[in-house]
Structure formats: C-alpha cells, structure tokens
Amino acid sequence: MIGIFITFIGAILVLFLGISKQESSSKNLSASFLFLAAILSLVEALGFANFSSIATWAPKTMIDFSQGEMMFVSLLAAVTSAIIAIFPSSNHKGSDKLGLMMLSLTGAFMMIGANHLVMLFLGIEVLSIPLYVLAGSDKLNLNSNEAAIKYFLMGAFSTAIFLLGCAFIYGGTATLSLTEIEVRMSIVGHFAEFPSLVKAGVVLMSTGLLFKVSAFPFHFWAPDVYQGSPNKITTFMAVVVKIAGFVAFSNFLQAFSALSGWNNQWIILLSVLTIIFGNVVALSQKSVKRTLAYSSIAHAGYLLLFLITPMQGNMWVLFAYSVAYALSTVVLFYFNDKYSTNGEFGFSMFTGLFHSNKSAAILMTIALFSIAGIPITVGFTAKYYLFTSAFDVSPIAVCIALIGSAISIVYYFKGFKNIYEVDINMNQLHASKIHWIVYMMVAVSIVLGMCPYLFERCF
Amino acid sequence: MEIIILPLFLSVLAAAFGSKVNKIVWGALSALTLLAMIWVKSNLNIQNDGVWHTTYDMPWFSSGIHFTLGIDGFTGLMLLLTNILSPIIIFSINRDKQKSLLPLILFMQAALNGVFMAKDGLMFYIFWELALIPIYFICLLYSSKDAFKTTIKFFIYTFIGSLAMLASLIYLYLKTKNHSFAYEELLAVQLNHAESIWVGAGFLFAFAVKIPIFPFHSWQANTYTYAPAQGSMLLSGIMLKMGLYGLIRWYMPIAAESISFYQPIIVTLSVIGVIYGAVIAIKQNDLKRLIAFSSLSHVGLIAAGFFTLTEIGIQGGILQMFVHGINVVALFYIVEIIETHSGSRELSGLGGLAKFNRLFAALYLIVVLGTAAVPFTNGFPGEFMLLKGVFDYNTISGVFAGLTIILCAVYMLRMYQFSMLGESKTSFKEIGIKQLWPLIILVVIILVIGISPMLILDKVNPSVQKIMLEISNSKGVLS
Amino acid sequence: MNSIALILGLPIAGFLINGLFGKSLPKSVVGWLGTFAVLASFVIALGVFNDFRLNPDFQNGLDFKLFTFLNVGNFHVDFAFSLDRLSVMMTLIITGIGSLIHLYSIAYMHDDEGFYKFFAYLNLFIFNMLILVLGSNFMMLFFGWEGVGLCSYLLIGFWYKNAEYGKAARKAFVMNRIGDLGLLMGLFLIFHQYQSLDYNIVLPKIADGSTSVYMLTAISMCLFVGAMGKSAQIPLFTWLPDAMAGPTPVSALIHAATMVTAGIYLIVRCEALFYLSPITNNVIMWVGLATSLLAAFIGLKQNDIKKVLAYSTVSQLGLMFVALGCGAYTAAMFHLATHAFFKALLFLGSGSVIHAMHHEQDIRQMGGLKAKMPITYITFLIGTLAITGFPFLSGFFSKDEILIAAFEHNKIVYVLAILSATVTGLYMFRMFFTTFHGTYRNHHHSFEKVHESPWQMSVPLMILAVLSVLGGLLNLPKYLGEGVSHKLAHWLAPILPMAENHSEISHSTEFALLGVAITIFIVAFLFTRFKYVSKNAVPESDEKTPYLGKLLANKFYVDEIYDTIIVKPLEMCSQILDSFVDSKIIGGFVSGISSVLLKISGLNKRIQNGNIEYYLTFMVIALALFLGFNLLF
Amino acid sequence: MLNIFQSLDISHYIYLSCVLFCIGLFGVLFRRNAIVLLMCIELMLNAVNLLFAAFSEYMGDKDANGQMFVFFIMVVAAAEAAVGLAILVMVYRNTRKTDVSFLDSLKD
C-alpha cells in the first residue's frame, strides 16, 4: 500500500510542478519518488517493516496487497524509475509527462492489488487514460498522433467489452468482490443457476485483459502503438501494462478457479496461438521497435501459460518471468532509443557496435540472451520455472512454447549480425556513454540467472 | 569444480589481457586444467570403479536441483580430450584474432568440462547451452564469408534439439519422487512404453543434431566450412562428442525402455550416414567440407556402434570418440596450416606441398592414416570394435558400415595426394617447428593409442560396465 | 632375448633410425643399416629354422606375447606372435630375399633424394610382413595385412611428384582395402563362431568338423576375398600392374616375392577351413585359373618390361591359387618359394636393365643388351628359363607339381593350366629376346653408355640365380628318389593336417605329363626365338596392333570397365548426393521450413495494414469466435 | 413487495442491453468518423450501465454494488471522452481530418 501512496503523491507533485518546469528538472525527483516507493514496498514485502497502519482506511474488500503483490509493486516502481532515469528527457517545458507516467503506474498498482471488480476497472482506466495521452505526447509527430488515437479507440472499445463482462458476472454471481466470487463459485450448485452468464462474463472480461496484455487475437494495437509512441512511453507500456495486466489477470482467474478446467482450455489455445503468431510475425519485421513489439506479444503468450498453472503459491514464477522480461526489454528499448536516428529504425543502427563500443555490444548481447532465454541469464531461469510449472498441465503447449522460443532466436540474433559486423563508417552515436543503471540491470539479470533460488525465497 | 572454474577464470583474464600475452602462455595455462583434473582426482581419492563419483554438490535452483559434478572413467576420458585439445586449439590461433578468440575458447573449455561432469539434468542442459554460445560467436566473428545465415542455422538447429532435450528432462523431473534432476533420481524413473518413446525422442533429437546422425546433419558442412579453423576444431573435435556422450550417459540409461524401439532406426540411419558422408566426401574440393563429411561418416559409425548395445560396440565407440576428436582436430590444424601458408584450401589449387616440408608431410600422412583406420594408428582399434559390434548386431549393416574402410581410404588418400603430392602449384611459406609441435603431440597420441588402445579402454571399462548394468537393470533390454 | 622379438625388432629399429634421423645420416650408413637389419633377422630366422630341423622338441614352435591389444567383454586379442614351420619358411623367404633387395637398392636408389625414406619404408615393410606371417592370431595377420598394404602404397607412390604414380598407389591401396574388408568380415565371422581369433584355438575347432559347412563356406569366402585383394586375383588384380610405378626393388620385393603371396599364406594357414569348404575350393580354383589365363594373355602384348613381369606375377599367383583350389597346399607353397626366387631375380634383372637404360622401360627401345650386360643377361636368362619351366630348374618342379595336382583334380583345369604355362613361355621369351637379343633400338641414349650394374646389384642377381636353379631341391618329385624328395611336404606336414600328401598318380602318367610340360616349353622357346631372334621382329606400337592384339594390349579393357561401372557411377553418385540430395532435399527441407515461416510471417502485412477499422473488425470476429467456442464447448 | 421493475423477467433486460451494446458495437465497426465512434462507445457503456442497474434491482436484497459501479462507469466514461476528444483535436490540428481510416501510416 505504501508504494501506491508514494507514487500517487509523487505523481500529483510532479504534475503540478510540471506546469512551469522543464521535464529534465523533474526527472530526478520523480525517479527518486519511484525508487523510494520501490524500496519501501520491497522492505514491506520481505517483512522487514510493516506500513499497513497507513492503509487502514482503504477497505480490504476493495484493495489489498499480499506480500507477493508488493513484490510486483516494487518491481514496477523500480523499473519505471529506471526508465525515467535512463531515457533522455526533452528540455521542453512540461514535466507533466513524468507525472502522467507515475499516475499511470498508480493505476497499475491498483490493478495489482484489486480485490473487487470496480477497483480492477478503475485500475485499468487509471492505467490507460494517462497512457492514451502519453502515446500522443509527441504532439507534432503524426505517428505519435496516430498511435494515440488508435490506442484510445481500441482501448475504450475493449473497456466496454470488459464492462459488459463485469455486468454478466455480477448478474451471475450477485457480487463484485473477487474473494466473494471465489467463495460463491466454489459452492456447488450455486453456480449452476447462470452458468453461461458467468462463462460469458469471464470470456468478455478476459478479452478486456487480453487486450491489455496484447495477446493474440487482441494484439492489433500493440505493434502500431509501440511504433508510434515515444520510446520512453513504449518501454513503459511494454513493461508495466503487460506485467500489471498479468498480475490482475491471474488474480481475476484465481477467483474463478472452480472453472479452471474450462478456463485452461481456451487459455492454452490462445497461449499457443499467441506464441506462434508473435514469434513468426516478428521474423519478417524490419524495424527494431516492431520486432520488439511482436516479441512482447510472444512473451504474452508464454505468460499465458502461467495462467493454467495452479497460481496460488506460485506467484513467484510470474514474478521471475516479469523480472526477466522487464530487465531485458528495458535494456533493449534503451539501446534502440539511443542508436535510432531519424531515418533509421532498422537493425542496421547497430552495425559495427562491437568494434566501436565494446561494452555496449556486450551489454546488448547479454540482454538479448536473457530475452531469448539462454542459460545463466535470468531469462532462462524464468522460462525454465514457467515451463516446468505449466508442463504438468499441458506438455504439448510447453513443447510449442519451446519451439516458439527457438524461432525467437532468429530475430533476437538478427541483431548480432549487425553488432559484430565490421563497419567502415563508424556510427557517431555509438561512442556515447551508457547509463550506469543499464550496467546494473544487466548485472542483475546475470546474478539472478546464476542464483535463481532468490526468487522462491522472496515469496 | 576447479576443472570448470579454472578455464572460466582464465577466460575472464583473457578478456582483459588477451592480446598482451603470448598465446603459448595461454595454451599452457589452459593445459593447467589437466593438472586440476589430477588434483581433483587425488584430492578426493577417486577410484576408477565405475561409480560416477560426486566431486562437488551444492543446492541450486531449488531443493531438487543441485549443482552436482561427478567424475568417473568415462567423464575422465572426455575431460582429458577436452583439455588436451583446448590448448592445442589455442596454439593455432592467429595473433590478430587472439584477443577475441581466447576468452571464447577458454569459456568453451569450461562449459564443455561442465557438460561432461554435470550430474544433474538441468545442469547438463545449462552447460550444454553454454557451450553453444562461444562457438556461435567464434563462428560469427571470424567466419570466412558473410556466413550469418549458416551460423544462425547451426545455432537454431542445435538449439531446437536441446530444447527437445529440455522438454524430456522436465517431463522426467516431474515424474521423480521428490521433484529432482539428480542423475540417480532420473534413472529411477519408470516409464511406460509410450512415455519412454517420447522422452527418448527428445533426447535423441538433441543428440542426433549435435552428433550429427544422418538426416540431421545439414548444418554441419557449411558451418565447418565458414567457421574459422578454431571453430571447426572445437565443433568437430569436442562438441560432437557431447552428443555421443549424452547418448551413452543420459539417453540410454534413462530412457532405456525406448532403446529397443529406436535401435533399428538409429542403426540404419547411422549406417546410411556412414556411407552417405563417405560418398559425398569423395568428390569434395574444399578441404574443410571434405573433413566435415568424413566426420559425418565417422561419427555415424560411432552412433551405430552405441546402438548395437554390445559391449564391444559401446567401448569401441567411446574409444573412437576420443580418437576422432584427436584426428579431426589434427586434420583441421593441418588445413589451417595449409591455408595460412599457401592461401588456399581448395584441392584443385593445391598439390606438391610435400617437398616444402618433409616433417609436415609425414605428420599429415600419419593423421590421414589414422583417420583411415590403418593398423598401428588410433583409428584402427576403435573402428574394428565398432564394425564388429555392428556386424554382430546385424550382418548386413555390418557389411555396409564396413564399406567405410574402403571409401575412407579413397577420400583421405585423395585428399592427401591432391594437397601434398604431385607437382606443386602454389608457393608455400616456411613452416616453423613451433607450429608443428601441437601436431607432433597429436601424432604421438595417434600412434600410442593405435598400438595400445587398452590404455584408454581399461580406464573406461568400469564405467561402461556400470552404465550397461544400469541399462539392463532398469529395463531388461539387454538379454 | 626371444628370437621373435629380434626378428621383428631389427627391421622396426632400422625403420625408426632411418625414418627419424636418416636425413642427417650419410647415405652409405642408411643403406647398410637397413640391409643389415634385415640380414640379421634372416640369420636369426635361419637359427630358428635350424632348431626346428634338428630339435624334435621344437615342433610346436615359439610363442611370444607382447601385450594385450584388446580386451573388451569376451573379445580378447593379444599382440602376440608365434613361430612354426610355416612362418619360419615365410620368414626366411621374406628376410632372405628382403636383404638381397636391400643390398640391391643401395646401388639402385643411390642417386635418389629420398634415399633414407626408401630404406625406412622398406624396413617398415619387412616389419609388417613379418607381423603378417608371425602373428599368432587373425588380428595380427590383419595388422600385417593392412601394414604391408600401407607400405605398398608408400612405395608405389615413392616418387610423389608424379601424379600418375600417386594415382597408382591409391588404386593399390583402395583395391587392397576392398579385400581387407572381406578379410575383416571373415574375422568377425570367425570370432562369432569360435569366440576367439587365436590360431591355436580356432584352427583345431575348425578341424574337428563341428561347424556347419555354410558357416565354413561363408568364412572361407570372406577370407578368400581378402586373398584376392592382396594376391591380385580377378576381379581385384588391376592394381598390381599399375603398382609397377614404384621403384623396381619394390616391385621385386613387394609385388613379386612377398606381399602378394600373403593370400597364399592365409589360405595355407587356414588349410583346415578351406579343406572343409569344397565350394570355396572350387571358386578359388576357377578364379585362380581365370586370372592365370587372363594375365598371361595380357602379358603377351605388353611392351613395358615391368608390366610384362607384373602380369606374369598375376598369372603365377593364379596358378598358385589353382593349386590351393585343388588341395595341393604344398605345391602352392613350393611354387610360392620358387616364384619368389625367380620373380625377384627377373625384377631385379629388369631393374638392372632399366638402371642401365636410364629409366627406359619399353622393350621396343632396347635390344641387344647381352653384349653390354653379361651378368644381367645370364641371370635374367636363368630366371626366364626357371619361370618357363626349363627342365630341372626350380620352376619346372614347382609348376609341374601344380599341373599334376590339377590333372588329378580336373582334366579341363589341367588343359587350361597347360595353356597358361604355354603362354607364359611365349611372353617371357618374347620379352627376353626383345630385350637382350637383336639390335639396339634406342635413339635417346647411345649404346655405349649402357653399362653393367655395380656389384651391389649384381651380387643379389647372382645369388637369386643360384636359388632359381636350385630351388627345386626344396621339394623334388618322388621319381627322383624317396630320400631326397618332398622335403617341403614333410616340413609342412604338421601345419597341414588335413591335406593328403600322397600322390595317387602312377609314374607313367607323371612322366607323360612331364613330357607335355617339356614339349610346350620347347614349342614356346622355338616359336619366339624364330620370331624375335631369327626374324628380328619388333613388337608393333599399340596403335597398329589389330583386333585381338589390341584387346590384349589394352588389358581386355578391364580398367576401363571398372571405371565405367564402378568409379564413374560412384563419382556421379557423390556429386548428385552433394549437389542435389544434400543441399536440395535435406538442406532444402530445413531451409524450406524457415522460408515457409518467413512467408507466413509476411502474410501478416495484409492484416496489420494500419487501418483501425480492420483491427476492430478482426477483434470483434475473434471475440465472437472466442465466445462461441467457449460457450459451446 | 411488488416492484414495477420486476414485473418483467430479467432476461428482457439482458437482451435489451445486449442489443444496445451490439448497436454500439456495429456502430464502431461501420462508422469512420472518430466522433461517431466515440459516441458509439458511449452507447456500449450505457448498455452496460443499464444491465448493471437491472441486475442490481433484481438481486435478492437490492445489492447496491451494481449501482455504485454505474456511477464509476459514468465518471470514467466522462474522463475518457475528455481525453479522447483532446486527442481528436490534436489529430485534427495536424491532419485536418477526423476520419480514422486515413490514419494508416503505422503498419507492418
């Protein structure tokens, strides 16, 4: 709970400061707010301190953070703080973008902690509405405009579908509280009254959530919006929306664990389709950003596999995967942002990197290894945990996921061709220094890859 | 543990000071691993009684997944191979490539040692993958042409294979009593027929790609051709052995229920591969391609020998693993010398090099004869045992596999003649004796093993007995 | 020290010293070292022979185990040797003739830059050949078998700068390898049947008759395939004539006297096996006969002095196989020994000629050499007479024994063997007369420059000439008196337990057959003398030879046939496999997957076309399907 | 207690809401003007509101949760509309168009 407070206060503060200040001047402030939120949440999650007293006014039936969820809060806060810190910010007026990001993050936290459909809905909206604005924050850039309007229209549309689902579930179970729903669903006979209403509700709400996590076939917004939005926002979207979406999704589905046999069917189907789709389509992408967008769709597919496992007590698997995904995605988007110039969005931006900037090349290599799931990076560990826990339920889906990750090697490693190529005309951009946080992130992904037991211990 | 840590540490050192220190020093340092082996063996007082002794054990991923290393005769032999060849490969590096290649090769050495020592399924997989990464970069960084496609094909192909193995391992893991990847636990898993076939397929696919067994070899020739010599040496000399090692150590005891199903298939495919590789090698012009196909032919025979499940076949195969490693590295070393000294490795452009350096010619000839399995060289005992194994298993297969001794003579002698004999077509730079030392070492090994193969067979015999016991115990396949 | 160790150790020591340090040693040291190494072996072998002769306790021979070569499961093979009557005889031939040829080579190879290499190889050959005959199990035999093949390869291709020679060397090695495969399969079968490869275990088990005849036939056929390869029988004989690319001493030692007789040795060694498989015996006999005839006829039209001798060797080996096929093992061994003498003599003689003629080998370019090279002339004449069966020379007795055996066995075989012997007479005298008689025909080198060879070359010639004359003493026929006759048969009797040594043939028939033999010798001699000496005819050049002659001159086109039905298809197969099957089908399948994936990947362009209406429509369709799917199932 | 709402079966409300929702949905699919799209989405949301209210009324003890949710939806819809219109204005300034089918520069 402490995380949500600090973030929210920070957001308001930065938002108001933003009226007069430049973005770069608020950067440190917002980053430190978020970092503080991350640290405090972590401290609370690990049980070193207890800040629950300040959360007493919030009814537990609406929002409640378990220890595991606090880990996610901490992770998202930390990642966002890193995003804000490492991405260059404009010197134009208006640090309101940072404020909006923090506000959006607050929405993400609400989703994570939500215990009630209203809170879940509000979380989604608080997450989304600032993002609609942020996607279009590059006001004079037509691509950014287009991204904003696409994101907005489709987001609003999916919200409507999500809400219809809420209404159906409400009709079927006569409650909006997730805990209550779980109880009622498990009472034999109760559910029998309106089975199709509840099922339809689950499907419709899931559609809304699947849209948020950009799973096939509700992924259409992702590549376009990722491409059009400013890099910093894309990174934020790719990481925060997806992770928060999955935590919310898993909380939501846990309430319907009585239906898990039925749920698993379609989740497996969608997961397999998403993995294949994301990976295969990513193969033919020319732009780095779009490749990463499809890669993030594929990752949504892997994460869907988590939803078929008995999630109770298994949240650390999702956490591990989120950490792995967040670390490598941020690093890769960072390099994409750093080296992309106006006319240059393809892989050729990395040409000759190894020869002009060794450390950058090595960092990028490790990040690519991690996202591809090669051993002794956290990416492998996470994938391993995820697949092992899903294997019991559906070995075939896991096998397809394995094939998918093999395909993904092709486009992840496409970068290596350019990175290790010898380039005669040195790219001037390559020479610039790399933010120390990036080093930290890569180091963390290796340390966690070698000492994976840390994840299990945190929960 | 030291056996892995030492090269790993050296690798980091090499990344820092790679180009400042002479490669001979690095080679010597890399060879220190052999000392580490002896040290580990004597320190832990390990007996060669067939048991896979645990030398290091530490909980890792979770309670069921340990970081466990073990040594027995078989592992010892593979470690010996790795740590003899790695320094030699390091010797062959050109000065301008030294800085990038050294850390990669040393890292690879560490990973390979890990593969052979890993006693835990997941660790085995992890080291297996780790060994793939440096070789990928070695090929990528210094491939002779724009060979990104080839390297990525190689990587994906083997990667898919190893993922299949991972799937099998996870399946077994979930079947163990207390969810563990420990070798003993995996052995204890009882599978029914259908399960064993699927689990076996996972392992076999991984190993078949790596070995490679006949239809899974399409990555091989091009990768060898485009990779720098060091890459080809590592790939063919040591990495292929990972697959063969996996067959014997992991696949056969663990999924033994499926052996009777796969036995005829694999033996047939391998024998086809033996002839197929040999026939293609006959007309190759590029020396490296020639060696690649010859290698396909040779390892096919080893795989066939393993799958006969006869003791002589398995022991012969293990011996031949070592022998092939030595021979093929020697061959690639020779190709490297020829290429750097005459600027070409196309047979059509070579010839008559024998007159430039008699010692080199003699060493080359011995290596060629070793590959062609002439008595008194190391190729003979292994190939004899393998052919005997295959022959005992199935006479027809034995006769077809036996054709290799004819075809191998055809292409190896052709290779020797077209490069060394006849009128010389190219100039040839002076070869310093310094460059020939690694080759001399290899040739001495070739001759020693050729005369007394029992030096090696005695060492692996207890392990083989143990493994065969495990295969027959759990499943009763061996009558 | 064990005498086997010495016999084997000396040549290998010679090889090592010459091979490793020969480059820095003076030529004389190298040559004499090599020669003495073999000579010493010979002396020791003589000692052993003497022991055998004098000491009845020595009947079982000597055993010498060096170390265990392989011990895997139930498969156990020692690196072990044994000396018995058969191997002593072979050892004597090998080291005896070997040392003479070493001596000869000192002069013959004197000007060659690879002098030390040559001696090293020769010593290595002797070593391998000794392993072949001294090994106490089939594995050792195989060791030596492949080892001599290797040395043969090295020595044929000794002048490595000539690509043709290299090709010939490879051909020899590969063809030998085909035979080796047969031998190897035979070994596997033997082990499969008897669980051992040791002669002392296997041979008695074969002899006790408990093995099925099918198995015995299979084993013996496999071994015979091995023998075919090594002893140049149809269909694996074409390498031997090509092997003449090597230096002449090599041809004498390896391709006439010793290595090529390994096949005979193998069959004699496994006498029990072959005795009990009549089918194989018939095959051996007919193959031998066919080879003998074919090679003899080809020999008629060859103009290269060494090629004639090579075909003659093939033909004589064929005769030995005829003897083996007829069960006359002693006869085969007898002919093996005498053949070793006179064929080595002939080759060395031809070497002497070639040496004198500055490496000219075409007999049409020679003529009238008897004036310049008396020693060579006389010794060569003795050799020729011996091979053609001049009465009471060694060849006369040994060939006669074979003919008698054939006569006893099958009359047709006898007639054909006589034919072969006739043709032998024809081509040998043709060559002899063309070379030494008539007028000198070479225009490149003046007749004056032709000279007799140095003593290192002529001494071996003389010794061998003596042996060729007296070789018959080894196994004189019965009609010359019971006391002196059949020495060899008695000597080998313990080795050949199965074969009957008694001759059923009556003296009168025997004399009749002798008469036939002498007649054909005289006919051949007179005919060729008339043609080449009296009419002074010179063999035509290849182009002018008509019909049959052309067929013969071109060796019945056997090489061409092999080339068309085996080599070419194999090469084509290789190319098809490489460029089509491997890259298009197998490689194509793999890259096909990736290109299909890429195509599918590209299809997404149609859907992800940037138009939000499409997106929304797709989403709604997906939602409808999703709902339908979930609510219906 | 007789309730005027409950004189009809709940299924009628469900069908009505669904029909309304679908009208909005098809409006979204078939119209191109961004403002009309926005209105159609509002229609969909209002269909949901109706459903919530009906369910709330039909719950045994008049559960207020549903009605509360309606208020939240209305608030959020207003916010969304505000942001949406702002975005539209921005796009209109740059392109002088409100037709969404012309915005297709971002694609594969």
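By letter and in written order, the chains are A, B, C and D; residue numbering begins at 1 in each of them.
By our rule, a contact is a pair of C-beta atoms (placed from the backbone, for glycine too) under 8 Å apart; a residue touches a chain by one contact, two chains touch by 3 or more.
As the structure is a prediction and not an experimental result, all values here were calculated from the model.
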{"item": "Contact-richer chain pair (by C-beta pairs counted) among A-B and C-D", "value": "A-B"}
{"item": "Most centrally placed chain - per-chain CA mean versus overall CA mean", "value": "B"}
{"item": "Chain A-chain B separation of Cα centroids, rounded to whole Å", "value": "43"}
{"item": "Distance between chain centroids, defined by C-alpha means - chain C, chain D (Å)", "value": "98"}
{"item": "Approximate Å spacing (C-alpha centroids) for the pair chain B, chain C", "value": "37"}
{"item": "Mean-CA-position distance for chain D and chain A (Å)", "value": "27"}
{"item": "Per-residue multi-chain contacts in chain D, two or more chains", "value": "25, 28, 100, 103, 105-108"}
{"item": "Multi-chain contact sites of chain A, meaning residues that touch two or more partners", "value": "149-150, 153, 157, 161, 223-224, 281, 284, 407, 410"}
{"item": "All touching chain pairs, where touch follows the definition stated at the start", "value": "A-B, A-C, A-D, B-C, C-D"}
{"item": "Contacting residues of chain D [partner chain A, same complex]", "value": "10, 14, 17, 21, 24-25, 28, 34, 37-38, 41, 44-45, 47-48, 51-52, 55-56, 58-60, 63, 65-66, 68-69, 72-73, 76, 79-80, 83-84, 86-88, 90-91, 94-95, 100, 103, 105-108"}
{"item": "Chain C residues within the chain A interface of the complex", "value": "594, 597-598, 600-602, 604, 607-608, 610, 612, 614-616, 618-619, 622-623, 626-627, 629-631, 633"}
{"item": "Contacting residues of chain C [partner chain D, same complex]", "value": "604-605, 608-613, 616-617, 620"}
{"item": "Of chain A, residues touching chain B in the complex", "value": "369, 374-376, 380-381, 384, 387-388, 391-392, 395, 398-399, 402-403, 405-407, 409-410, 413, 416-417, 420, 452-453, 456"}
{"item": "Residues of chain B that touch chain C when the two form their complex", "value": "153, 157, 215, 217-219, 221, 276, 279-284, 310-312, 315-316, 351-352, 354-355, 358, 369, 374-376, 380-381, 384-385, 387-388, 391-392, 398-399, 402-403, 405-406, 409-410, 413-414, 417, 420-423, 451-454, 457, 461"}
